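These are the structures in question, set out in turn.
Look at the two complexes coming up: subunit A is in both, with subunit B in one and subunit C in the other.
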Partner chain A sequence: MTLVSPTFRRSRSSSAPIVALLLWGLTVFSLYPLIWLVLNSFKTSNEMFDQSWTLPTVWHFENYVTAWNYGLGHYVVNSLFVTSVSVVAIALIGALNAFVLTTMNFPGRRIVYGFLLGGMIMPPEVCLFPLFKILDLFGFYDTYLAMILPYVAFGLPFATFLLRAHMTTIPRELYEAAVVDGGGVLRIFWSIYLPMSRPALAAVGLIMMMRTWNEFIFALTFIESDGLRTLTIGISTFGDALRVDWTVLMAGLIISIVPVFVTFLMLQRQFMGGLTQGAVK
Partner chain B sequence: MSRFRSRVVVPYLLMAPALVLLSVFVYVPVIENLRYSLYRWSSLSPTWDFVGFDNYAALLADPLFWRALGNNATYAAVSLIVQVCGGLVLAATLEAGVLRGRLSSFFRISFFIPSILPITVIGLLWTLLYQPSIGLVAQILEAIGVPSLAHAWLGEEATALYAVILVSQWQWTGYIAVLFIVAIRAIPVELYEAASLDGAGKIRQFFAITIPCVREMTLVMASITVFGAVKVFDIIWVMTGGGPNGSSEVLATLMYRSAFRNDVVGYASTIAVVMFCLSLVFGLIQIRLQREQS
Partner chain C sequence: MATISIAGVRKTYGAATVLSGIDLDIGDGEFVVLVGPSGCGKSTLLRMIAGLEEISDGTIRIGERVVNDLPSKDRDIAMVFQNYALYPHMTVRDNMAFSLKLRRAEKSEIERRVRDAAAILGLTPLLDRLPRQLSGGQRQRVAMGRAIVRDPQVFLFDEPLSNLDAKLRVQMRSEIKELHQRLKTTTIYVTHDQIEAMTMADRVVIMRDGAVEQIGRPLDLYDHPANLFVAGFIGSPAMNLIEGHVEGDTFRDEAGSSWPIGHTPSEGGRAVLGIRPEHFRLDPDGLPFEVVLVEPTGSETQVLVRRGDQQVVCLLRERASTCPGDTLHLAYRPEQAHLFSKESGRRI
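Up next is the complex of A and B:
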């Protein structure tokens, strides 16, 4: 799958300026809200009220320090922890499923695959209350596990689907040769299939990272202590606390999108490529 | 014995973590919903009254339920038109070859960016943009000389739902467009070459080649969009909470409020079951289409 346009389509026509103008208009619509946010995050509240369009007369970097000191750092750490544990678990368990489904022929294989895939169409929102009861029953409510376990469970179907699609392209002779050589199943998985699935793993990892980092409804419902909150939820608490100090709030919003933003810009090709293999939203 | 072990025990053992996690955290909750919906109970009261289908009858008689369902439908309809149709046109325009490659990829990334932002950030950002006093929307209206058109967009019953829907379109259209771009790139270039030798313009090529060739992708996108519209929660919850006065209520916000605020759990589960049935239909369509595609 290439992300480079074939040269043929690059023939320019007379309508190009009009098309470009329309697209620039849409770009403004797409990005201006963010630019507006960045500009105002450097102003004082008064300046923002007077003129929210212009560049700041004085750049108030201290808004960012104030925002950070409100405790944003803590939410960032929580988000990093929950996201990394969930993503690693999803990728590893998903790869293991995909490996078993592609290499082994066992009774009930189709049913198991259907069971795993079926999870893709179960909306997390629908499971909310029963899930809350189950987590409470196990004593997971208001712990990191209350987020991690459901994230992994809901992420696995997609990961399995995408990784299986990739693993079916790995030549079966490799597996058979390794079996003949006396390699154990887990060894074959670890030293052949896992390294060979790197592109698919990267796609799964990136998509799950975005999804988990931005997850809202579970983090909102299953966590009560402020000390465990992730950034997505923390930022709205922060918003409530700062209803008067708008520009500091804006600085906080910027801080909270920087990690995702940077990751995306660095890896956008892989990211966009991965999305298309299993359209999800 | 050892043959049985390697053929049956090993695969199931290796998949045990996934099977357990999915059972406990995905499938059991879905089934529990069905059971809960047959009782009248709250998380505080110890008694469970079996009421059969009373909750369903109550739901069908609840005007708020119909209003929420209607709002989900509006959300779905607008999203289909803007995200799916608009996204396709946008993708085709970016791929038509009238722009330089670098410019086209700049546009693609710009349109995609809103979809990677956390929902609470989007919610707060647009709440600020919609603010009647400082918001960008009000200032634009003032700048073009019609300040009287400014509203408290999120605070008025007539506009709240549409104001939120607009934000969703802002967030997702570029994302859908990127998925279409990849589908368009899979179309053989020869088709376009032949068409342009025959003298067909770009617009003609769009209707005659692009649309038929991305038909399946379009159906997948449409079912994803409708699936998303059935379960939409977060953007509504952070921007209006379903208000004012239920005007932007959707099924998921109604369910959330019933379960966690009003403590009528049986009723909330009934709404969840309805959402489940609706998403099952669109989800199955999506899986079928995706299988056919790959």
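Up next is the complex of A and C:
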């Protein structure tokens, strides 16, 4: 039998239209620029200025081809590589951190966890100069590692936090059953904890993908060669080169959004599960 | 199969002592039940045998080997947990095969053993299901299946029936017992339910506050409890315990009423008389009691009666048509009465 408080029911029904209206307003507010961008990416520049809110009279798919041929494809590949390596590393190392913090009892465990969490409040901009010096010292400046290493370091605190919150909900008996079954620590991590953390891993992966994909400051500071530049830097230079061809620029922007958008659509169910994981028993 | 020998085993957490010198020998193929109230240390002892808890002092042997410092996986044991501890992302088949895969068994051997265990436990149609698609009883069977595929020397059960409803618990109790009779593997079973202990065990170990109170066959414990704790713990409804003192071959309660005990005990003075509820019978020549409460269950009737200030529970096979306020004449055989020292609690 489900018990519903009459007070709660009344207050929910009276406020529901207002909440719905607010949510609709928020949806329009969020989607308006995106729809505008998509529509105009298929027009000529003149048509965009004359009729920016109508459907294109002729759909200029070639804007996308032009944008890709301007070199955007190269930046997309760089971004995909840096983002994939960073996200996999963040998820794997974050999961290992969380596993150790959840299953092993060692002196100073809380201090280590607190130290890791401290990383979440550190603004990346503060570290720019010391990071530059360190990366230069180890010969990583102007290499992919100059982006990947800082991305992983700055992503780990949040990943560890979320994954640890998830792993604390995994019953201790599963670990012990695996120990009795003959599993070593790494095997238990790989075969039990990692597959059971899929929702949290999806959430970490998606959040870190968006953060890494859109990152600008490190990519701008630590990379000099055009061949290593990622999409965010590419788009900014692309904008300079195409100052007059706005609709091609818009097509380029749409291309830059697609990978994150598709990933979100694929992972959204697990992502939501991951974010609410541990909220209730 | 193997013997298990536990000698002087202690467990301490800082200043707190959880187990204080446990000595226990378990024979090859024996089914031993550790029973006691919550916090008595029975699960801790089981976990120490399993290698999930460190041993502070003493020695545990499985077969000829001292296993104090041996990792769980090398002890050749299998354990069934209270909440089943099935891997939720694996099918029943994978759950059962997991330990064999870790031991790098041949694929055909894994398949054969899983198939055999599934057949024994009636799990064959469920092999491709996930644990969440199973009922409580089926999950329990999978947990047992996971244990038996390994053909270990020792089975350890940690309150495996606690999460089941009463009917299923009775059914699974029989299944575990049947399984033991079939496989004859040495088994240690932890429970707080004395009915489970009595019905399943070859021998019962009763524990309290980290120490063993008594070890023995179920009916020996029932008929000859060594102390007040065991007397009160074993049996449902619990034994009536009446405080008073011994005068020759008679026991006199606090209100001065006399209760026959049939013999002159070795110790006199203050004592506690124990009479099991089922040892009372209706007898016109018996002691008069005033009826306080009548609880018929169909097969028997539980009656709460009073004699002076002393209330006792009796269990009658007869369908006594009696009401609160009536007088019942009840008798018991004096040789079935138990006497315990008030000071030490030990049987006298």
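The rule is short, and it goes like this: the second predicted complex is superposed on the first by the 232 of 281 C-alpha atoms of A that agree within 3 Å, B and C clash if a C-alpha of one lies under 4 Å from a C-alpha of the other, contacts with A are read in each partner's own complex, and residues count from 1 in each chain.
Keep in mind that, in the parts below, a contact is a pair of C-beta atoms (placed from the backbone, for glycine too) under 8 Å apart; a residue touches a chain by one contact, two chains touch by 3 or more.
Because the structure is predicted, anything quoted here is derived from the model rather than measured.
*Asks:* In the overlay, answer first, second, both or neither for which of subunit B and subunit C A:260 touches.
*Replies:* A:260: touches subunit B, not subunit C.
*Asks:* Considering only touches as defined above, state whether A:174 meets subunit B (first), subunit C (second), both or neither.
*Replies:* second
*Asks:* Quick one: name whichever of subunit B and subunit C touches more residues of subunit A.
*Replies:* More residues of subunit A are touched by B.
*Asks:* Could you say whether A:195 touches subunit B, subunit C, both of them, or neither, answering first, second, both or neither?
*Replies:* After superposition on chain A, A:195 lies in contact with subunit C alone.
*Asks:* Following superposition on chain A, which residues of subunit A contact subunit B and also contact subunit C?
*Replies:* Common to the two interfaces on subunit A: nothing.
*Asks:* Which residues, counting only subunit C, touch subunit A once they are in their complex?
*Replies:* Touching subunit A: residues 50-52, 71-73, 77-79, 81-83, 85, 87-89, 98-99, 102-103, 146 of subunit C.
*Asks:* Subunit A touches which residues of subunit B in the complex?
*Replies:* Residue positions touching the partner: 7-8, 10-12, 14-15, 17-19, 21-22, 24-30, 32-33, 36, 43, 90, 93-101, 103-104, 107-114, 116-121, 123-126, 128-129, 133-134, 136, 139, 170, 172, 174-175, 178-179, 182-183, 185-186, 189, 192-193, 202, 217, 220-221, 224-225, 227-228, 230-231, 233-234, 237-238, 252, 255-256, 259-260, 265, 268-269, 272, 275-276, 279-280, 283-284, 286-287, 290, 294.
*Asks:* In the complex of these two chains, what residues of subunit A are touching subunit B?
*Replies:* Against subunit B, subunit A makes touches at 1-6, 8-13, 15-16, 19-20, 22-23, 26-27, 29-34, 36-37, 48-49, 52-53, 93-94, 96-97, 99-100, 104-107, 109, 112, 115-117, 119-131, 133-134, 149-150, 152-154, 156-157, 160, 165, 185-186, 210, 213-214, 216-217, 220-221, 231-233, 235-236, 239, 246, 249-250, 253, 256-257, 260-261, 264-265, 268, 272-273, 275-276, 278-281.
*Asks:* Considering the complex alone, what residue numbers of subunit A touch subunit C?
*Replies:* 171, 173-174, 176-183, 187, 191-192, 195-196, 198
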